[in-house]
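Structure in structure tokens, see below.
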Amino acid sequence: MSDAARRRLHPAAALVAAAGLLVITALASILWGARPAGLVDTVLALGGHGEEHLQQVLAARRPRTLLGAAVGAALAASGVVVQGLTRNPLGEPGLLGITAGASASVVTATAVLGLAGAAGTVAAALPGALAAAILVLVLGRPARSDSVVPLILAGAVVTAVLGAYVQAMILTRPDVFDSYRFWAVGSLAGASFSTAATVAPVLLAGLLIAVVLTPGLNTLALGDEVAVSLGAPVRMIRIGGVLAATLLAAGATAAAGPIAFVGLAVPHLVRALVGADHRIQLPVSLLLGAALLLAADVLARVVARPEELMVGVVTAFVGAPFLLLAVRRGRVVA
Amino acid sequence: MRSRLVLVVLLAAILVAALATLAAGRLGVGPADLLDAARGQASTRTLFVLERLRGPRLLVAVGVGAAFGIAGSLFQTVTRNPLGSPDVIGLGAGAGAGMAMTTLLAPGSVPAPVGAVLGAGAAIALVHLSTGLGFASPARVIITGIGVSAMALALTQYVVAVALRDASSQLAGYLVGSLNSRGPEHVATIALALLLLCPLVALLAHDLRQMDLGDQLADALGARAVRTRSLAILLAVLLSAAAVSVSGPISFVALAAPHIARRVLAAPGPHLTASALVGALMMVLADLLVQQEGPLENLPVGVITAAVGGVYLGYLLIHAWRRADA
Amino acid sequence: MPDVGTDRAAGRWGEDSSLALRAVEVGYGERMVLQGLDLEVPRGRFTAVIGPNGCGKSTMLRTVARTLRPRAGEVLLDGRPLGSWRSREIARRIALLPQDPVVPEGITVRALVARGRHPHRSALRPRGPGDDEAISRALHATEVDDLAELPVAGLSGGQRQRVWIAMILAQDTEYVLLDEPTSFLDAAHQIDVLRLCQEMRAEGRTVLAVLHDLDQAARTADHLVVMRGGRIVASGAPGEVLDEELVRDVFSLRSRIIVDPVHGTPMVIPLSRDRGASA
């Protein structure tokens, strides 16, 4: 066994560790926040006694924690699928314009159709996310090399264009701004159980497709030609993968706005821990993604007390250096 | 010679577009009024429109367009990638973040151009540090640039949305560029930047032209690839920062202008002058559009350039994709 | 024979020119590729550098052309270390054609050959009187005159390689370094390229080429430099250097060496892989 293989965690151990991390961050997310309070008071309030205002704050934190976990898991899973599809370690829904596409179509639908409410947002996010995903995947096919650059550039360009478009809409249509506040940076503020309930079907559908695809993604990692000669339905896997990644990312973006780098960082970390087998990558990424997003959200709430930072700002600040580090260590073929 | 003809045509087009910008609409200043002004017999209305409303705006458009065009050409040449443009890899975002931060931390005491240069400089320094190879690998520059751009954008959005709530409409200008209410001081800034930096770019052009042969061959021909790349990036940073400080980040001029110049001239090479002229033309045309009455009126210019530039870019990429498949 | 090359070179480029490596060590990161290399490049000759994959042949060439900097030791041009020369001055004396050069998009043959004149020009003097003549001569010597206005990208591999050599010729240097100029070419075009190398030598230039084919090297070069593991293990005329023991030690190849019946140079007949030698 090579050194690298020896250092890897057994899948069960990784799952347990990630689950444990999730529990810890979920607790942290409930107990800490923009409003400082002593531990005793908090526990009392959780039990329904003590200061009423604190009880309300804690009541708001519960759906926020749930949604944060769901969004983090979905983005991480989307990243796993995109990286498997494109064989590009830098693939992720934020970098590839999928989240920007979701925002753009939500903004368009709100402006043109006057949509409001969570259900409408989710439905509106899907076509844009799908269109952006297809556009970037098509535009970013590298001409001859193994370079990761063409895909990333295509994603950056599409994100920039859609971002400018969204800006324009916001500036000319204030009503759009009012009904969709998350056009620029994702945030978990004001999360409600109903939001979570609305996006849940979309997220679950995407997750289901992703789970079914995991053996196919393993085969795809060997290269298209080898995969075909092994009898894998490459085209179906690709279509299914795009669908899964888009559903997951669009649902997450509809619920919380564009949040970048979760889909990039989590699969990297998971691969370093448990290897590239998608059947293990996916569940561990779900747990770790949820944990990391919750951690980022706690940070967002605590760092700028009594104000709140947007969780998308924190992930950009923490995740982007992750990308820079990966490049610097030469982990990507550039 | 084809290239000379193309440059003359571009110059003429800019002139025509400029005249159209001045003459359009209710407050238009037509050629007859301009002639009067040249003879020193301008009416007060003409003077007002020229000096306060449209004149500075037009000059800023030309200057900023030229600066972005040159910066884009410099960057695309040294990254050997037609998408490796300063606005995609962080300079625009960095400059915007720099301006937002100086407004937050030192309002009034630090002028916007300084903030922009500091921000753009910080962004490019971060890129240099993060690649692990300095600027020696164009691909790494691109990827880290995208990462740095994301960070800068997040920072700007934070400042705009949270810290400066009251002034947010003004500061939205840090996120998307606009030519509204530009005055003589803006003209002076961009003119000065061009005056200082263009001669330096011209001196670098000689070695820059060999960069498309790859670093090894460029070095073997005496063009000092890494040094040339570093200097080109430095000049591009200064040009972009100056432009962003005057107009805010305007996307896609730096990306599309060199492309169009290469198309029209049908030859390889940086085509710095042509990129500058195409950039200026794009800005003037975009400005012409947003000054017309109608749905586009008073939109920030950056939105138009993003929309048109984006479509053009999509066409380019599809074209390249088809060619790669062939 | 020994003095003809030097005389020809001296006649054209002057008496005092020389190119040598002294104790040169080059590495990437932690990996040392060249270990203490000493070489006096024979003036006016065609020298072929041969050796197994990864022995440092390309690295040596690039170090001589100053595209790589040595960690220790020096490359001496006319007795002075390369570091003391300006880049453009070096480019006027030494030309390097790398292994897989990049063709700029849309460039024509004439424009690419003209790029070779770069070190003779400057920002303030973009075109000089000798340029057109040098370009025409180069196009003619490589027989690509009638392709001059065509885009390089549309040419065949053999034609393209001749265009690259034309660019090197237009650079008009005394020392010409070629990194595997015959790779990826079919047999007929390989002969073309080797013939061009010999013509360059006949003009008084000093040619240093990395070749992967032992027989080609033996047949066409005046001087062989054999490398292994980042060091030079043998140097001299092909007939003196190539013997079965060397081939076994350096290339892990059991062979029989005969005299080429047509050219009279050594010809290596491979027998089998030698498992005894260290990898």
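Letters A, B and C mark the chains in the order given here, with residues in each chain numbered from 1 onward.
Just so we're on the same page, contacts are C-beta pairs under 8 Å (C-beta built on N, C-alpha and C of every residue); 3 or more make two chains touch, one makes a residue touch a chain.
From a predicted model like this one, the values you see are computed outputs, not experimental measurements.
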item	value
Centroid comparison with chain B (C-alpha atoms), farthest chain	C
Chain nearest the overall C-alpha centroid of the shown protein atoms	B
Distance between the centres, which are taken as Cα means, of chain C and chain B, whole angstrom	44
Rounded Å distance, chain A centre to chain B centre (Cα mean)	33
Averaged-CA centre spacing for the pair chain C and chain A, given as whole angstrom	53
Touch list for chain B against partner chain C, complex	80, 202-207, 209-210, 212-217, 219-224, 266-269
Chain B-touching residues of chain A, taken from the complex the two chains share	90, 94-95, 135, 138-139, 141, 143-144, 147-150, 152-154, 156-158, 160-161, 163-165, 167-168, 171-172, 184-185, 260-261, 304, 307, 309-310, 312-313, 316-317, 319-321, 323-325, 327-330, 332, 334
Touch list for chain C against partner chain B, complex	62, 65-67, 87-92, 94-98, 101-102, 104-107, 111, 115-116, 118-119, 121-123, 126, 171
Contact set on chain B toward chain A in their complex	81, 83-84, 87-89, 126, 130-132, 137, 139-140, 142-144, 146-151, 153-155, 157-158, 161-162, 172, 175-176, 251-252, 255, 299-300, 302-303, 306-307, 309-310, 313-314, 317-318, 320-321, 324
